[in-house]
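Several structures are given next for inspection.
There are two complexes below, and they share chain A, which is joined by chain B in the first and by chain C in the second.
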Partner chain A sequence: MKLAKVTGVVWATQKAKELNGCRLFLVQPISGMDEQPNGKPFVAADPRNLAASGDKVIVVTSTDAAQAFDSGFAPVNASIVQLLDDLD
Partner chain B sequence: MIFAKVIGTIVSTQKDENLNGKKLLLCKEVDHTGKPLKTYHVAVDAVQAGEGNFVLLSYGSSARMTQFTKTAPIDAVVMAIIDDIQITEKKNIKKS
Partner chain C sequence: MFLARVKRKVIASAKHPAYEGKRVFVVQRVNPDGQEVGEEWLAMDYVSAGIDDIVVCGGAPGVAKEVFQLDLAPIRTLIIAIVDTIDYKDIE
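Moving on, here comes the complex of A and B:
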């Protein structure tokens, strides 16, 4: 799992059926609450409708990203699974 | 998922039977601003994309996670056609 900040919204009308109703965000991995960029930005799905622009989130990558969907079956490489409130 | 631009279609007659009826697209990877990168990908089309479309590619084993590509021997799928990318936080995005 990675810490990331939501830096943009990706609009796509034509999507794979499994992704219907799911929003896509551009996220930038960050190193901590100071929001220092840590790697290249990528696209993450938001199956639980958690995030909005500017939020800090936790992103699951790789095959496990599909597990964030109710069906457990979706062609995604990254999913937003939690909002990050604070780090100690 | 990565951004890509469709630059062509691949025609092949002799292929694995699980690929029958699936269109193969040649895609060039781009960054979030649309700037072309050096990598090319061959991806199966799951959304009726065409040449010139700006699309999202899913790669690796996740590419098989659509009803359309469930049993196919593939590692990249075009799973969305991008209409627009709205960037809200410009200053903190790292350039690729």
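Moving on, here comes the complex of A and C:
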């Protein structure tokens, strides 16, 4: 799992059928310490419609990303699963 | 997943049965401005992409097996969306 900041929306009308109704976001992994960029940006699915541009989110990667979908399957390797309010 | 531009179609006559009837493309990673950065990948088409399209590519173990309903799928990277536009703001 990674902490990331949503930096953009990727609009795509033509996409895998499993992704219907699911938005795709550009996310930049950030450090939990100072919120500075921590790795390369990538694209993540948002199956629960949680995020908007500028939000800090928790992203699950690899095989487990599909588990974020109600159907239990989608051809993705990164899903937004939580909005981050704060770090203590 | 990552953003990429579709560059070329891979032509192959001898192939693993899982690749029968499917299209594989050379894709070049791009940044949100469409500028080519980083490495090239091969990706299997799942959304009827074409040359020069900006696409979202990705894959995880078992994904190809599920989407193509195959028993054995030695396939990793798929093209899963064709990008229309990107609203993007770089973070400091």
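The definition used in the following text is that the second predicted complex is superposed on the first by the 87 of 88 C-alpha atoms of A that agree within 3 Å, B and C clash if a C-alpha of one lies under 4 Å from a C-alpha of the other, contacts with A are read in each partner's own complex, and residues count from 1 in each chain.
In the analysis below, a residue touches a chain if its C-beta (ideal position, glycine included) is under 8 Å from a C-beta of that chain, and two chains touch if they have at least 3 such contacts.
Just so it is clear, the model here is predicted, and its values are computed rather than measured.
Participant: For A:62 in the superposed arrangement: first (chain B), second (chain C), both or neither?
Facilitator: both
Participant: Under the stated touch criterion, which partner chain does A:8 make contact with: chain B (first), chain C (second), both, or neither?
Facilitator: Touch partners of A:8: chain B and chain C.
Participant: Please indicate which partner A:20 is in contact with in the superposed arrangement: first for chain B, second for chain C, both, or neither.
Facilitator: Neither partner.
Participant: Between chain B (first) and chain C (second), which, if any, makes contact with A:39: first, second, both or neither?
Facilitator: The answer is first: A:39 touches chain B but not chain C.
Participant: Following superposition on chain A, which residues of chain A contact chain B and also contact chain C?
Facilitator: Touching chain B in the first complex and chain C in the second, residues 5, 7-16, 18-19, 24, 26, 28, 30, 37, 41-45, 53-54, 62-63, 65-66, 73, 75-78 of chain A appear in both lists.
Participant: If we count contacts the way the header does, which residues on chain B are in touch with chain A in the complex?
Facilitator: Its residues touching chain A are 1-3, 32, 46-49, 56, 58-69, 77, 79-90, 92-94, 96.
Participant: If you look only at chain C, which of its residues touch chain A in the complex?
Facilitator: Interface residues on the chain C side: 1-3, 31-32, 46-48, 56, 58-64, 66-67, 78, 80-91.
Participant: Quick one: in the complex, what on chain A touches chain C?
Facilitator: The contact residues of chain A facing chain C are 5, 7-16, 18-19, 24, 26, 28, 30, 37, 41-45, 53-54, 62-63, 65-66, 73, 75-78.
Participant: Give the list of chain A residues in touch with chain B in this complex.
Facilitator: 5-19, 24, 26, 28, 30, 35, 37, 39-45, 53-54, 62-63, 65-66, 73-78
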